[in-house]
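Pasting in a structure now, in C-alpha cells, and then I'll have a few things to ask.
In order of appearance the chains are A, B, C, D and E, and numbering begins at 1 in each one.
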Amino acid sequence: MSAKTQHKTPSSMELYEFGENYFQKHHIKTAEEVRPFLTGTHKFWLNVSSLENEDLLKELSALFDIHPLTMEDVLNCHQRPKFEEFENNIFIVSKMVYYVHSKKPTTEQISIFIGKNYVLTIQEDAYDFFDPIRTRLENPHGKMRKYGADYFAYTLIDSIVDKYFEIIETQEEMIDKMEDQIVANTSKQKLSSIFQLRKDIQHLKKIIWPTRELLSNWKKSESPLLKKKTDPFINDVYEHIIEVNENLEVQRESIATLVEMFLSSLSIKQNEVMKTLTIIATIFIPLTFIAGVYGMNFQFMPELSWKYGYFLTWVVFIGTTVAMMFYFKRKEWF
Amino acid sequence: MSAKTQHKTPSSMELYEFGENYFQKHHIKTAEEVRPFLTGTHKFWLNVSSLENEDLLKELSALFDIHPLTMEDVLNCHQRPKFEEFENNIFIVSKMVYYVHSKKPTTEQISIFIGKNYVLTIQEDAYDFFDPIRTRLENPHGKMRKYGADYFAYTLIDSIVDKYFEIIETQEEMIDKMEDQIVANTSKQKLSSIFQLRKDIQHLKKIIWPTRELLSNWKKSESPLLKKKTDPFINDVYEHIIEVNENLEVQRESIATLVEMFLSSLSIKQNEVMKTLTIIATIFIPLTFIAGVYGMNFQFMPELSWKYGYFLTWVVFIGTTVAMMFYFKRKEWF
Amino acid sequence: MSAKTQHKTPSSMELYEFGENYFQKHHIKTAEEVRPFLTGTHKFWLNVSSLENEDLLKELSALFDIHPLTMEDVLNCHQRPKFEEFENNIFIVSKMVYYVHSKKPTTEQISIFIGKNYVLTIQEDAYDFFDPIRTRLENPHGKMRKYGADYFAYTLIDSIVDKYFEIIETQEEMIDKMEDQIVANTSKQKLSSIFQLRKDIQHLKKIIWPTRELLSNWKKSESPLLKKKTDPFINDVYEHIIEVNENLEVQRESIATLVEMFLSSLSIKQNEVMKTLTIIATIFIPLTFIAGVYGMNFQFMPELSWKYGYFLTWVVFIGTTVAMMFYFKRKEWF
Amino acid sequence: MSAKTQHKTPSSMELYEFGENYFQKHHIKTAEEVRPFLTGTHKFWLNVSSLENEDLLKELSALFDIHPLTMEDVLNCHQRPKFEEFENNIFIVSKMVYYVHSKKPTTEQISIFIGKNYVLTIQEDAYDFFDPIRTRLENPHGKMRKYGADYFAYTLIDSIVDKYFEIIETQEEMIDKMEDQIVANTSKQKLSSIFQLRKDIQHLKKIIWPTRELLSNWKKSESPLLKKKTDPFINDVYEHIIEVNENLEVQRESIATLVEMFLSSLSIKQNEVMKTLTIIATIFIPLTFIAGVYGMNFQFMPELSWKYGYFLTWVVFIGTTVAMMFYFKRKEWF
Amino acid sequence: MSAKTQHKTPSSMELYEFGENYFQKHHIKTAEEVRPFLTGTHKFWLNVSSLENEDLLKELSALFDIHPLTMEDVLNCHQRPKFEEFENNIFIVSKMVYYVHSKKPTTEQISIFIGKNYVLTIQEDAYDFFDPIRTRLENPHGKMRKYGADYFAYTLIDSIVDKYFEIIETQEEMIDKMEDQIVANTSKQKLSSIFQLRKDIQHLKKIIWPTRELLSNWKKSESPLLKKKTDPFINDVYEHIIEVNENLEVQRESIATLVEMFLSSLSIKQNEVMKTLTIIATIFIPLTFIAGVYGMNFQFMPELSWKYGYFLTWVVFIGTTVAMMFYFKRKEWF
C-alpha cells in the first residue's frame, strides 16, 4: 500500500524523565541522546511530534528495537487502531479525533510504544491534547509518577477516548438542531449536511470498533510489561469505548430517522401544494367553462336575452363553489 | 469523561436494620453513624437519596471500601447498567425508568452495593418506587427478613424491571392509538410524535440490553456474597428482562410499520387528490377550448349562424363529458 | 409483572390412567383425589382445563411439588415457551395457536409437567385440540401406552407444533390472495390488512423461536425423566419447528414484498394519472389560448376579417394537436 | 404434519448391480426380489421412481431396516435437505431443481440411503437427470465401479448440485435482461416478474442452506459407511454449494437493486411528466388570462381602440414566453 | 460444474531459479524440462501464463503431484480464493483485479502452489503486475533470495492485495465525484452508473472475503512448508485485507447514501416544479375566470356599462394576485 502520509510539521522531540520523586524535561535532537535514558533508573516519555524526519525515526527504530513492518505502520497514517505485543515492547496505534475550526472532525494517528521503563509516542502531527497529562506529570503527588509505563500509556489512551465523548456530544447537538429545524420547518435544512454528518459518524465508527479490540487485547494480554494494577483502569476505558460505540449506533439510527423525517415532511408539503392546486383548479376550471359558454357568439342563444340570465349565472357560479367547498371539507383537504 | 451529573435534591439517608425477628428504621446524618451497623448482627439497607453531598459519599466510599473508579461510576449518571464483583462487595448499576407527568419516560440511575450484611443504594434523585418494598420489610413474616442481602438487592432490581413492563404497556397503548388514528384518518397524527416514540423505545433498549448482561453476570457469578438460594429468583428476573427486550423489538418493528403506514396513507391520499384534479381538468379543459372557439370574433364563422349551432355545442359538451366519465370509470379512478 | 390472566371457564379436571394393558378415565374434583394415582402402578395424564380455581392449583402445586415461582409462571399467561428441569419433574410452557371464527389467530398457554409416572397439563382455557390423542390413548395397541410419560408429553407438543403448520398454511393462502389482488388490481386491497397479517406473523414468530429453544433444551437434557427412546421423536418435532420458523421468515419477506408491490402499483397508477392530465392539459391549454386571442375585442385585428381566418385557425388547432401527439408517442407516454 | 405428497407416476424400480469387473441391470417388481442382493458380493443401486406404492415402500423399509419416522420423512415431500446417521445406513434428503417447460423452477425430493454395499434412492417423481451417471456406471473403467457406495451417493449429489448452477445461470440471465430493459426503457418491464424472480431465488435459498449443512455433516461424520477416500470429493461439492449460496446472495441484492432502479426510473419519468405540464401550463395560463382580459365586453376599455393595441398584446405574449423560457432554462428544466 | 474458462493467450512458461547468491532466468517449453529443477539446490518460481495448453498442465500436474480435483480448480476460473494444504504442496487460489482501459475492473484468477523449493503460479491470462517482483528477484541483496518459497508466495499475494487498494481508491474517487455532481446538480448524473459501481463493489467484496479466509488459514496452518519467519508478513497482509474489506463496507453505505441523495434531490426538484405550477395556476386561473365572466354576452350585465368597470376589474386582478403572493410567502413556498 502506497504511503499516503502528509508530513506537516518538522519533527521535534520532548523527553519527560520521571520517577516517584523525580521529574525532568529534556529537549532532544538526536536519537543518540535518548540511549542513556533507556538504561537509566527513571521512567521516561519520549514524544516525537511529527513523521517528517525519517532518518530520526529509523535511528529510533533501531534504538528501541522496532520491527521494520511496525515502523511502516507508524509511517502509514491510514492504520487501523491496534495492539501488538513484541518481545521488548508493546505497540499501540490509536487515533486522536478533534474539531479544529471546521465542522468536520480531524483525525490524527498516534503510535504508542510501551517498554519496560519508557513510553514512546510518535504523532502524525504536532497537535495533541496531552497538556493536562504533562501538567499532571509535573505534580509530584500524582499517581502517574508511582505507576509504571503501562499506566502512563493508559492515561494517554484515556484522554484520547475522553475526546471521543466530546465529538459524540457535538454530533448529538448537531442532530438535535437538525431535527428541530426539520420539525419547525423554519430554515431550509440542507439534506447534504445530514448526509455529511452521517459520513462523519461512519468515519468515527471505523475508529471506535478497532479501538475496542485494542483494549480487549490489552485486557487479555499477559505481557510482563503490563501490570495487574493497571487492569481496572483499562476496564474503565474499555467500558467508555463500548459506550461511545453504543452512542454512535444510536446516532446512526437518529440520522436515518432524520432523513426519513426530511423526506416525510417533503411528502407532506408536496401533498399540501397539490391540494392547493387541486382545490383552486377544480373550482375555477368549471366556472371558467360556464363563463366561456356565454361568451360564445352564436346568433341563437336564448339565455343571453333572459332578463335574469346574468344573475342566474352568478347563482350557478356561487352554488358550484359552495358545493365544491363542502366536498373538499368532507374529504378533510383543508 | 466529564461528569454530567445534575444533583437535584439534598442528600438524605435512611437506614433499615432488619433480621428475622427484628426491624428498625434509622435516620442517619453522617457516614460515621453507619459504622456500628457494619459490624452489627443484623442486616441493613442504607439508602442515599441523592448525589449532592459529595463529602458524605467520599466518607461512605471509605467506610464501605469502594474503589475510587467505582465511586466515579456512582457519580456519573450516564453509566450503563452493569455488575462488578469486588472482594468485599458487589457493585450494580441499574436504571429506574418511569413517567412523571410528561409523556416522555424519565430515567434515574441507582447504584447498588451488596455486602455481607448490607445493601447500600445510592440514587441519582430522591424519587423511587420502593415503598412497597419498605412495607414488605416491616412485615415480620416476609421472606425478605429471612433471606440475605443478595435477596434484598434482588427485590430492588425486580421492582425496577417490573416497572419496565409498565413502560412497555404504556408505549404499546400509544402505538395502538397511533395506528388507529392512521387507519381511521380522523385526527391529523403528527409524524413527529411517532418519531419521538421511536426515540423513547431506542432509549429504553439501550438500558435493557446491559441489564440483561448484568443479570447474566449475577447468574454466572460465584461470589460468596450471592447465595444459591437466590438463583431461581434471579432466573425469573432474567426471563422478564428477556421478555421486555423481545417486546421492545416488536415495538420497534411496529413503529417502522407505523411510519410505513403513515407514508402509504399519504401516498394514497395524494393519489386521490391527483385523480380529482385530473378528472376535473381533463373534462373541462377541452370543453373550455370549444367554448373559446365559438367566442372568437372572426367575421366568417359559418357555425355561428346555424340555427341549432348552440344546441349542437351543448350536445358536444355533454357527449365529451359522458365519454370521459366512461373512460375514468373503466380505469377504476372512482 | 401484574398477572394479566383472564380466567374464562370453570376449572375441571380429567385424569387418564393408562398402562400397557390398562386404560381408565376418571373425573376428578379435588387435588386430594389425585394423590393415590401418584403412587399407583400406572402412568396417568391429569389435565386441568382452566386457571380459575386458584385454590385447586395451589393444592396441586403442593401435591406435585411445584416451586411457587413456577406456579406463578403457570398463572401468568404471557409466559414465553420454555423448558425447566427440577428434581422431581420437568416444567414446559407451550403455546397453542388456532383460528376460532375470526381471521386473527388465538393463542392459549399450556403448562406441561412431566413426572416419573405422570403428565400434568394446565390449560389457560378449556379449548384444546388433543381429542385425537385421547382417542389414541384408548387404543390398546398404540405406542403411547407402552412408552413413558415423556413420550406422552411429546405427543402433546407434537400436536401443538403440527397446528403451527396449519396456521402457516392459512397465512400463506392469505398472502397469495393478497398478492393476486394487488397484481390483478381488481379489488381495492386494504394496506391495513397486509399490516395486520404482518403483525400476526410477528406474533407467531415470538412463539416459535423460544419453542425451538425449549426443544433444544429437551434434547440436551440429561434428566432421568426423559428416556433415550424418545429422542428421535423430539428430533423430529425439532426439525418441524425449524421448518415453521423458516416458513415464517419467508412469509415476512413475502409481506415486505407485498407492501413494496402495493406502493409500487400506487406509484405506477399515479404516474398514469399524471400522464393523462399532462397530455390533455398540454394539448388544450395552448389551443384555448389561441381561441382566446381571437376572442379579443381590439378594433384593429386584421386576421378577423380574413376570409379563411377561421379555417386557418382550425388548421393551427389540428396541427398543434397532431404535433403534440407525436411528441408524446415518441416519449412513450401512451 | 399432514402429508402433502402428490404421487404422480406408478412406482417402478431399477436395480444396478456393479463391481469392479461386473455390471448388471435388473428390473425389480417386489421388495422380496431385492433381498438376495443385500447379501451379495456386488454393490448395487436401487432406484424407486415414485412414492405411489406405499406397500412396496413399507416392505423396503423393513428390508433395509429403516426407522418409521425416517420413512415418514421419505413420504413427506416438504422435507428440508438433511443428513442422518443410523446404525446400518445413512439417510440423506436432497432436492432436485430443474426447469421443465415453464419459467418457474420445479423441485423434486429425493431420499438417498447409503448402506454397506448399496445405495437406495427414492424419488418423489420419475423425472431425474441421472442418465449420465447410468452411462458412467456401464463404463468398466470408471471410478464409480471401484469406489464404494458412498462415492456413488456422492456422484448423485454432485449432479444435483451441478444442476443448481444451471438454475443460477438462468436466473442471472433473467436479471441481466430485466436490468437492460429497465435501463433501455424499451419494453414495459412488469414489476411482478421481478417479484416472481425474487420468490424463486428465496425458494432456492431455502434449499441451498440445509444442503450446505447436509454436506458439512457428511464431512464431520465418522460413520464406517463413509470412507476417507471420498472426503476430497465431498469437500469439492461443499465448496460448490457455498458458491451457489454466495451467488444467490448476490442475486438477492441484484433483485433489490432492480426494484430500486424500476422505482427510480418511475420517479424520473414522473418528474419529466410534471415538468412538461408545468412548462406548458405556466407559459399559457397567463397568456390566456391576458387574451381573456381583452375579450371582456366593458364599454369603456381604452386599449381596445389603440391602433397598435393588438400588436402590443402580441409583444407581451411573446415577451412573456421568452422570459419564461429563460427562467426554465436557468432552472435546468429542459 | 461446467468449465466456463476462456483461454485467451498461448501458454508460455518462465522459470526463475534463485538462491542467496544465485539468479538465473530460464525459458521453458515442456514440463519435462522442469524436472531437474525440482531436485536442484536452488529455489525456483515457475510461472505459466495461460490455461490454454491443457496437455502441458496435465504433465505439470503429474510432475508437481497435484490432485485431479485441484487441477480442475485451476482450470475453472470461477473459483473462490482459497487455501488448501496437501502433503507435498500448498494450493492457493487468488484473484488479481485491475483496470484495463475500461471503467469496470477486470478479474483474473491465479493459482499458486508452494512446494519445498518452488512456487508454481498458473495464470488465467498473461497479464500480471509482478514485474516489480521480477526486478526485486534480480537484486542480489533482496530478502526474497534469502527467504524460502513461502516468502516468495507472500510477495505475490502482497502485490495482489496492494492492487485492491488502488481499486478501492479509484472507486472512492468515483463515489466522491458522483456525490459532488448530485449536490452541485450541474451534470445529469445517471442513476445507472451509481448502480454499476454498486455491482463492482459487490463483486470485489465477493473476492475479498474468501481472501481473508485464505490468509487466516495460512496463519493457522502448521504445514512445514510455511516457515515461522514469514508469519509477521502474513499478519501484515491479513490486516490489509481487513482494511480493504472495511473500506468496501463503507463504500457500500456510501453508495446507498448516493442513491438516497439522488432520489431525495429528485423529490426536492419535483416539489419545486409542483410549487411553480401551483403558484402560477392558482393565481391565474381565478383571474381568467373573472375575465371570462365579463366576456359573456348577456344582454343585461350592469357592470359592463359602469364607467370604472374596467378599472375596477384591474383592481380586483391585482388585489387577488397580491393576496395570493402573501399567502404563498407565508407558506414559505418561495
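Criterion: a contact is a pair of C-beta atoms (placed from the backbone, for glycine too) under 8 Å apart; a residue touches a chain by one contact, two chains touch by 3 or more.
Keep in mind the model is a prediction, meaning the values are calculated, not measured.
Novice: Which contact partners do chain D and chain E have in common?
Specialist: none
Novice: Between chain B and chain C, what's the gap in Å when you average each chain's C-alpha atoms?
Specialist: Distance between chain centres: 26 Å.
Novice: Express in whole angstrom the distance between the two chain centres, defined as the mean CA positions of chain A and chain C.
Specialist: 43
Novice: If I count partner chains per residue in chain A, which residues reach a count of at least 2?
Specialist: 267, 270, 274, 277, 281, 285, 288, 292, 295-297, 301
Novice: Ring order, please: chain A first, chain B next, then the rest.
Specialist: Listed around the ring from chain A, going to chain B first: A, B, C, D, E.
Novice: In their shared complex, at which residues does chain D touch chain C?
Specialist: 1-2, 67, 69, 78, 80, 82, 185, 191-192, 195, 198-199, 202, 206, 259, 262-263, 266-267, 269-270, 272-274, 276-277, 280-281, 284-285, 287-288, 291-292, 294-297, 301, 303-310, 313, 317
Novice: Using the touch definition up top, name the residues of chain C that touch chain D in the complex.
Specialist: 162, 165, 183, 232-233, 236, 239-240, 242-243, 246, 250, 253-254, 257, 260-261, 264-265, 267-268, 270-271, 274-275, 277-278, 281-282, 285-286, 288-289, 292-293, 295-301, 331-333
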